[in-house]
Amino acid sequence: MIRVTVWNEHRHEQQDPAIAAVYPQGIHGQIASFLQTAGFITRTATLDEPEHGLTQAVLNETDVLIWWGHIAHHEVADSVVERIQQRVLKGMGLIVLHSGHMSKIFKKLMGTSCDLKWREAKEQERIFVIDPTHDIVKGIPESFMLEKEEMYGEHFDIPAPDETLLLSWFAGGNVFRSGITYKRGNGRIFYFQPGHESYPTYYHPHIQTIICNGVTYCAPRGNSYPVYGNEKNIYPITGAVK
Amino acid sequence: MIRVTVWNEHRHEQQDPAIAAVYPQGIHGQIASFLQTAGFITRTATLDEPEHGLTQAVLNETDVLIWWGHIAHHEVADSVVERIQQRVLKGMGLIVLHSGHMSKIFKKLMGTSCDLKWREAKEQERIFVIDPTHDIVKGIPESFMLEKEEMYGEHFDIPAPDETLLLSWFAGGNVFRSGITYKRGNGRIFYFQPGHESYPTYYHPHIQTIICNGVTYCAPRGNSYPVYGNEKNIYPITGAVK
Amino acid sequence: MIRVTVWNEHRHEQQDPAIAAVYPQGIHGQIASFLQTAGFITRTATLDEPEHGLTQAVLNETDVLIWWGHIAHHEVADSVVERIQQRVLKGMGLIVLHSGHMSKIFKKLMGTSCDLKWREAKEQERIFVIDPTHDIVKGIPESFMLEKEEMYGEHFDIPAPDETLLLSWFAGGNVFRSGITYKRGNGRIFYFQPGHESYPTYYHPHIQTIICNGVTYCAPRGNSYPVYGNEKNIYPITGAVK
Amino acid sequence: MIRVTVWNEHRHEQQDPAIAAVYPQGIHGQIASFLQTAGFITRTATLDEPEHGLTQAVLNETDVLIWWGHIAHHEVADSVVERIQQRVLKGMGLIVLHSGHMSKIFKKLMGTSCDLKWREAKEQERIFVIDPTHDIVKGIPESFMLEKEEMYGEHFDIPAPDETLLLSWFAGGNVFRSGITYKRGNGRIFYFQPGHESYPTYYHPHIQTIICNGVTYCAPRGNSYPVYGNEKNIYPITGAVK
């Protein structure tokens, strides 16, 4: 049984009634809801809880952490970010959603600015699968349309992804690498672009399927963590033939 | 001085006056023209010449081969395809343009169907640079528009590219990996999507710059070809410690 | 339940009593044996059967094909190779073992010579995991020793792998990318180097675990195969702004 | 003309006469020496200079920064590390040598621990080219031996490299990805493993060639830096067809 912690900044929903109307239980509540239905052991955590709800104990019991943040990235304590990074390197999966691309944890794991182009225009987004045999796109058609999403466009300042699963087309004239994976240490990372706070993206069945598949994909395999440091030679060191 | 051979099927131009009007010297003639201006040693070859103009002698004197084909892929002799593949593996660069994605040589080097979606609709294409520091995009803005191009869309059935330089947006609702590179043996390969026969794509300055940069990028470095086969041990084979 | 077909050339075992002594049921028999124990539905096929035992019907019922060949690559019919390639592109997994690197099917899917350096010297091989969170290395320590193997050494003339899981050290002074994956079309491919015919490699528990994991990893996900060809525009094609 | 700054911690040479005997001008002095001979505009900088010799002005005039550090990584000011990262993202090349794998700047750009196995045993290292057509290995044979080097061994906790150029074999029983590249933002990064302070590695002609090639490879192309942030739609946003 995979244990998921859904983290949400949870500010938009408290500040803007229109957004609260879309996500009455918060974005985290909606994501947790469909993850529970899918059979995952799910809890939530938010920015304003002590230690942002991400104590060492919580992280130790988390197989996959989902991250949604936007207007308060700078309020996330560096010590908590450091703690998350260490857990990822030791094997915890991490799914970064939408505006989480500018979160401290994503930038720390990527080493780049993670910046991009954007536009809020109730714009159609068409998502294409370009890695059709990947676990994360199981059950997804070769393309599908979101009726309105925030445009995120290239150039996206990220390291070359280990895998590029999804590319998105936006009606106003932009493209984006909208589903990508990385490994860092023993941890697997999935960045997935859809999910603007004022649109009902996380109610969409394909979006839910992709996030559920992502959780399974990012969950630790129980593989052993490598040993680093000094190592004795296993073979005698003599001169080379020649 | 880099020696380029521009190969063109050269059938559309002879069969359709409208296309001949766009490319009076043939597509190969137009490409050779701007390559010569850029300082490359350039020759051309076409399907209806003996051995398609690609004798062993010609290939031996070619640093980079450019390939444009469409309606007569099946007329290209397997023996010539084999000869090209061997030259690529030994270090000759190969640039495959537009409908060349279905050529025998590209499919042979990729191992996949190389199939895709397409549409002829005088459609706007917007090309985005996603690898901004790559040699091939030097001098190119972060995006630019072609007023009309044939739509080539995902899914494109290719191996995961070594590098993805360019992504394209099409007005009608599609995206495409329009500039990608591979290495095969000692050879470098660049696939570049624009160039429908009835549109004046190869007169566009950015398209010309990208192809010129591609030639420089794909040209052999003069690196030595590896030695394969049996090799003596350089170190004494004794038992491992413990 | 994953259905595996283990294909073996099966010539060494019939020609050399010393090899028959190592693999009395043939290399295919030994591999099939531990796969069956692991719970896979397993059958075998060999070169000298009609159509090499790989009729269209057999391939249609195969989720993952395992390939061991060495001295008779040239006897494999091109029509069967073509049939296998088509099945891989449609989603069948393929595991290529040891000297299968020079098989027609592997070379056809790679597009390169697939050549390498080699030495038969009863040589220690030490295998290192370099992608510790990969599914294929689940249950494998960070390194382990084979007491004797054939040396396969770089340069290995392959496309840059999608994933490099394992690197090998050989006592006599060579290194090798000994566990690598590729995707081609909807199919997953795993090449794994150990398995010289005169050494008892396929009795080694870690080797068995890696091959079993490889079968699970390469098995088709049931994802839909993309549609290629002409596609209508989903969005109206008008002129771009400005 | 490419402008190189060679940065060295410069502690070993001042603390240990045996190391000073190998590098009387410091490791930085020896590296700068062969770079100057090769025609690069070269300066040096060391830890104990104000701002470690890496003021904003110096970095602004640096095309490629070379980094050697070992026992004093923690003494490098975070503000200088931040400054270097920003310059890399804007296009400055970075070559990290040997024990620089644990430097703050390399870890910050990688997002991982960058840890590895090691052994000091005057051990033979054999370096193999596995990307034979790469610019960085131009003029290098397919393999060569260093008579003594510090063993650096897998697992090396790094992101999957964009390119793996070199693999190393160590006599005592280890392998290592010894030459790798990454891009971060507009900057190119080359990590190259040889160069223990007590061995004369930087006098070896092939090592010098690889570092010189690395400088040329990592130098900025003068490509434009992408624009991030809000962007207007270029195409009218209307409803999708159907």
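Lettered A, B, C and D in written order, each chain numbered from 1.
Simple rule for what comes next: contacts are C-beta pairs under 8 Å (C-beta built on N, C-alpha and C of every residue); 3 or more make two chains touch, one makes a residue touch a chain.
The UniProt protein names, listed by chain, are A, B, C, D = ThuA-like domain-containing protein.
These numbers come from a predicted model, not from an experiment.
Undergrad: Which chain's centre, taken as the mean of its Cα atoms, is farthest from the centre of subunit C?
TA: The chain lying farthest from subunit C is D.
Undergrad: Distance between subunit A and subunit B based on Cα centroids, please, to the nearest Å.
TA: Their C-alpha centroids are separated by 36 Å.
Undergrad: Taking the mean of the CA coordinates per chain, how far is subunit B from subunit C in Å?
TA: 30
Undergrad: Taking the mean of the CA coordinates per chain, how far is subunit B from subunit D in Å?
TA: Each chain reduced to its C-alpha mean, subunit B and subunit D end up 32 Å apart.
Undergrad: Counting only residues that touch at least two other chains, what does the list for subunit B look like?
TA: Subunit B, residues with two or more chain partners: 124, 126, 129, 131-132, 142, 145, 153, 155, 160, 171, 173-174, 183, 226-227, 232-236, 238, 240-241.
Undergrad: Chain contact graph: line, ring, star, complete or other?
TA: Chain contacts: complete, every pair touches.
Undergrad: Given the complex with subunit D, which residues does subunit C contribute to the contact?
TA: 126, 128-132, 142-143, 153-156, 160, 163-164, 167-170, 173-175, 177, 232-236, 238, 240-242
Undergrad: Which residues of subunit C touch subunit A once you look at their complex with the stated criterion?
TA: Where subunit C meets subunit A, its residues are 91, 124, 126, 129, 131-135, 137-142, 145, 171, 173, 183, 186-188, 220-227, 234-235, 240-241.
Undergrad: Would you tell me which residues of subunit B are touching subunit C in their complex?
TA: So the residues of subunit B touching subunit C come out as 85, 89, 108-113, 115-119, 121-124, 126, 145, 151, 153, 155, 157, 159-160, 162, 171-174, 182-185, 226-240.
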